[in-house]
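Okay, so chain A shows up in both of these, paired with chain B first and chain C after.
Let's turn to the complex of A and B:
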């Protein structure tokens, strides 16, 4: 990189972080893109499809990957966390700690190592709906397209089966973590979100009843590359559900959980209902909601679901889910406020539309950077030299995240004087 | 029910002032109507009451039998995602209903206004103070004259107990001249109020076609005696016991009062009724029942106060009417027991100053008993009558709390 150029550190390699990094780099900055996980792509890579156009997430992600590959000004650091931020706007010292991948760039993703690996681990990308071996590819759209070894479950040198099998010499079980410090003129925070812990919604049974899942789990089931190959499935016995209940505002807009609206869950559940309909033409569905918060083009998604004769939209929040322990069949209780009738609705699968928690806990931020009462970043690029984009600022749909990420890149250029 | 709602912001504000101050936070998610352990499946409360209250649908709410199916366990308030406290809104609506149906309803509004508490209490205080002054010139001086020089009666054939006797301080004729007309007025007021409420309920919430009546007053009374439904309230389960204590404390005292009147006028038993093992039926039995009642009342009331102070769910708030009611019955129970103990003590010690303390306590007791009876149709105690009537109406139209 040209030493005279202004440098930006982007924390978070999801869609928002990638977009900030690319927009800034294409406008002339040198960028370090820092991602804690083994691959870029973030939450979007785990989606079944986008609404309202219902295209798969490969769309936007692949475009960004191509821009990254072509752009030498973005240095991607996966498995890397920011452990400290010192200095002031224009002269930050950012400390990066990179965990060992134990697989290097010679990996061709042939997958022969997986066949010999004897250890299984729960697949966090699929929210535990599937398992991977200790050596695994993070997901189908991994960037870099390189395997990774989970250090906690791998047996290490005593096993070494993968090392023996890999004909490219791509595996180094002894690789150690590294720490380095980079200089930056500006910082962009795009650490995204984590789904709200659904086990805290005690009345809705998640964690107690096998067939209560969250919307992010449903996304994985409905994804073509997901653990069920794009079909909804009852986790208790693997059968296709005949009745699915979607529980909106599961923890969102609730002073006992997340007091704010998580913005995407209405559209997400409507979208999931549309995908379910393609996979299971006879499945009966009910979406229990407080408000149908879909605006603009997303109203098309709502209209499509409204037109489905086997899907009911019930205005009333589910406040109780119970289970028949013998059959694992579920009952959701809600008042249909349109008719003033409280009733129990039987379901084989219950999908909780859990909300977004910003990923800011334990995140080192430059001094002066403020979080709001819920932990979202309050962007103030001008005084803190730190911009922010995506769901770490507020819960938002993809389109809005992209627009704001571009805005954040411009803000970073201005604040860095680039 | 199909008619348009005329918004009435002033009624919404009235409900907010009566304890439903978070009413406007409600966004109608209906969590409350789902978690309520008592609401029927058909048109459950309190979600619909919340939206009616936001619109200020006064006539509909005041005639709503469902207000009285709720025992304010506060399960709804605890689980409300908005902190709108529907349980407290229902309580505020019951207060508004009592104030509205009571006759004269102007007094209903005053009785729920904290700044009028002392003024309303001053009425019996001055009334009894005035009446006690009338005993000065009589053949046997009573009232303040007796207070100045308490009479000690020696036990005799017509008086098996003797000692200092409250009858000498305030003759029964004085008490009757106050409480008999007062009770008649109060009963008339209750009758008028309940008639008004019943008519409004019949008009606004007539029985639906095909509804099966589920009994009437007798079924309601049976439920009340065992506090059925009450104990199914989740967050407020503990409250069943405090309410049972207060309820049965009053019941025992009512039995004692009735028995005393029967004994005095049916069997010419002289007051005070003898308190000795040789007079079981004409004295001891009723004293024991009365004392048990008073003790249960004291325990129940103190327990209720403690619960409101420490153990109530955070989303259930207590308001002036709740505290005033508990304070008044506690004072009545304590001064009632105190009058008895102090009189016996003064008698056994042969002490005139102690007798004066007993007289003063008795005076306080009467003032607060007057307060309780006179304002019963207008304050919290009125729920006893209005709830019973509303539950009876609800049964008549086939509406009952959900069975477990």
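Let's turn to the complex of A and C:
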């Protein structure tokens, strides 16, 4: 990094954070890109496709990785959190704590270690639909392309099989966390979102009925590189579902859960229905919705699904999902609150379109940066002390996140006086 | 300068087990290299040091690193002033094919030969930095334009803001109030436009030109010459980059006859209702009587294949706001909003929730079946309502919440570009070219679109959008100052050079460039404009005379790679194929296939290209006439929802295949020997089938008879 440059710390290494970092660096700033997980890519890396173009998100991720690879002005810190922020715009001190990866830069990603690791853990990237070993590559599009050891499941030195196998001396089971402080002229928050905890939607059966899944799980199933190879599957027995129900606003637009709309779920479910149709030509689908919110050009996905004779769009809020314990078959009861009419539908697989919760809990923010009642970062009016982008500001579709992330970069430039 | 090529072979990650590296080394020596060394982990500190030491001791100008994919360790395998070529023996060879088999070994040896061959002519690019004009031109003085001007100016740039009307503000100036964009969500807010106008007018770096349009823009990013106004009042100035923020116009309500437009003056557009509110005159256009009951009809034109196929995004929120205008002014008034879906996304849901308890407001989903004047009222009938029965409302006034049409279908920029005066408008008339991932990109470099010209947006989104477009404009100037490319090859220092003595003025390069880079002189000779260029190489692929070259990527460089492939004679019965693959998507897909240890035929030699559009026909013809049995081209999906980062590269390549068929006919070869496949980056599991099927199909035709010539 050129010491003469103005410095930006970007918190969050998903598509929004990566975009802020790259756009600012390509406009002349030096950037620390801080990601809590072991790889960049965020939630977008786990999506099956984007709507409305139905193209793979990894395509845009790859372009951004390519920009990163050739840009020495962005320093990437994975497994790292910001633990403290002091100072004011133009002169921040940001404390970074990096958890041990236990695999160092000598890792070539050859994968020999995986074969000898005796421990399995649920694959969080695949929302538990698959397993990894304790030493694993976060996903196929990992950045950096370096393995990581899950310290909570690894047996440590008493096992040490991976250490013996690795020819490159890349594994350090005793690695400790490190802390450092970096100076920054501006800070950008792009910590993204977490799916709403679907087990709290007790009437919808998630966590009790195996064949009730969430939309983020469905994305993994429908991803070509996902645990089911791009096909919808009933988790109870691995069979292809003949009937799928999508439950919109599962938690969103609900005073008892998230009293806001999560903005992406309508487009996501419509997109998922389109992908299911490619994989399962006979599958019957029903989408239960309150309003179908696909804004702007995203209208295309709604038009496509409306033209599908085997997919029904049913207006109504789902009140209950019940299960026949013998067959794991599900019954969806929907209620149109305005008209009082009820409808029932049998399904093999139920997909809950769970909403977005902003990742701001416990996040140290510069003074003056406010959160709203739901934890979203409040955009900072005319002054530009804190820059924020993506779903940490409000639920947003990809293209809106990219707009905001690009725009955040000029706010960072202005704040830093670059 | 003489090229001194040093070759480094890595034996790690299974390469040493899969290959006989002594034989690979022998092939490298035979191909001609100044030095060769091996290491069991070239990417390690020791390996990097070994290469660095070799460069110093042998004075190598070019290094061929035969190890893993160019997508990993790019930062390590880089030495200042040294051309580094990565030969992928890991993901594309050792991880993709059976170890210690002839096919695997032969592919590796060919790859090393190809890497060395590339170094014969390839040079490090020599950037030509220019000092750009730091002025940003903003066209359009609405919310997006004013915001873009303020952002660019606050970032230290001079801005010229050109607005065709006599006042700033654009459409938003007509608004009585806005709906809230942040908490509290309970009531309409003051229109921010007057404050914004004052800020723009007071900013020392912003010059506002009102009542004029852009008459002409010549030049290129960094050095546009902009003429504003006409005749006696025209003036010309320089600008480095441009933000287009020409906004939208409300959809023409008179086209909505199915919603009663034209049947009575009391059916109006939402824009006119805004005027009524601003003037505090809720009176019927027909007879001037007070308006006390209004029906708002949503999606008036929007979400309608006969009018605007897209959703105009702001109309639901806008009608909720407009209903409040009336109800706040007149406690006894009534408003009915008929919608298809109430679209108040994200936190705007809070405003919708607040609106639902507004006295006098009725909201229902409905499909409007007719709107007609009856006894001095306007009768609206609708079905499929939430009330469970058909709805008949007699109203004083019907407001059609008409959609937004981007202002792209008129003379805005008047560019002197050979490929047209305006930004090419793509789907639905919007000018953005990759709107999901890279929303500011248009098909013209250095010109970025923001606001409703690019997508239906509200005032809050237009602000964000303006910030993004301003950033891209500022960033473009930064890149020009370094002689570097902008998106998607950001930072690339190479640029195309034209050897014009051999140019036949066929104009293919100027016509095919997706970015309008090249102009022509009177004779039709192309004139390069490096700062307009994205470095995709489509011009290089188009040129039949092969006069377009980058320092590190040219027809001869790739041609030498093709020639370096060892073609066994026909009696050996070892067919050979070449795969030209897009380096952005197909190349990573092959990497991913390798990481999954997916096996496919080792007979294809893959050559990454900047874009499939840069593939020159001569590579194919030369390869076939040298006995290569077939050519596989793998590029991005094309069509309406194209995935090509250079917009049309793969599609252009596909079109050129017709010409390639002529070559096949001339050589009396079967057309099946060439195949173009569209592949997305995530479809790597299709690769074995794609490769194997092609190989089997062409194998069945028999060997190319030109082997040995």
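Heads up, the rule we're going with is that the second predicted complex is superposed on the first by the 407 of 418 C-alpha atoms of A that agree within 3 Å, B and C clash if a C-alpha of one lies under 4 Å from a C-alpha of the other, contacts with A are read in each partner's own complex, and residues count from 1 in each chain.
Everything below uses one rule, namely that a contact is a pair of C-beta atoms (placed from the backbone, for glycine too) under 8 Å apart; a residue touches a chain by one contact, two chains touch by 3 or more.
Because the structure is a prediction, the values reported are computed rather than measured.
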Which partner chains sit in contact with A:256 here, chain B, chain C, both or neither? Use first/second/both/neither.
first
Quick check for you: in the superposed arrangement, does A:297 touch first (chain B), second (chain C), both or neither?
second
Scan A:60 for contacts with chain B and chain C and give back first, second, both or neither.
second
In the superposition, chain B vs chain C on chain A residues touched:
C
Examine A:224 and indicate which partner it touches, taking first as chain B and second as chain C; both and neither are also allowed.
second
With the two complexes superposed on chain A, say which partner A:318 touches: chain B (first), chain C (second), both, or neither.
first
Name the contact category of A:167: first (chain B only), second (chain C only), both, or neither.
second
Chain B and chain C footprints on chain A, overlapping residues:
253, 291, 341
Show which residues of chain B lie in contact with chain A when the two form their complex.
27-31, 33-35, 39, 41-44, 47-48, 79, 81-83
Given the complex with chain C, which residues does chain A contribute to the contact?
15, 22-23, 26-28, 49-50, 52-56, 58-60, 62-63, 65-67, 69-72, 106, 108-111, 140-141, 145, 167-168, 223-225, 229, 253, 259-263, 291-300, 303, 315, 336, 338-339, 341, 372-374, 376, 378-379, 394-396, 398-400, 402-411, 413-414, 418
Chain A contacts chain B in the complex at 203, 249, 253-257, 290-291, 316-320, 333-335, 337, 340-343
Residues of chain C defined as touching chain A within the complex:
12-14, 40-41, 43-45, 68, 71-72, 74-75, 151-152, 154-155, 182-183, 303, 305, 309-313, 341-350, 353, 364-365, 386-388, 427-428, 430, 435-440, 455-456, 461, 464-468, 470-472, 474-475, 478-479, 488, 490-491, 584-585, 588, 592, 595-596, 637, 641, 643, 645, 680-685
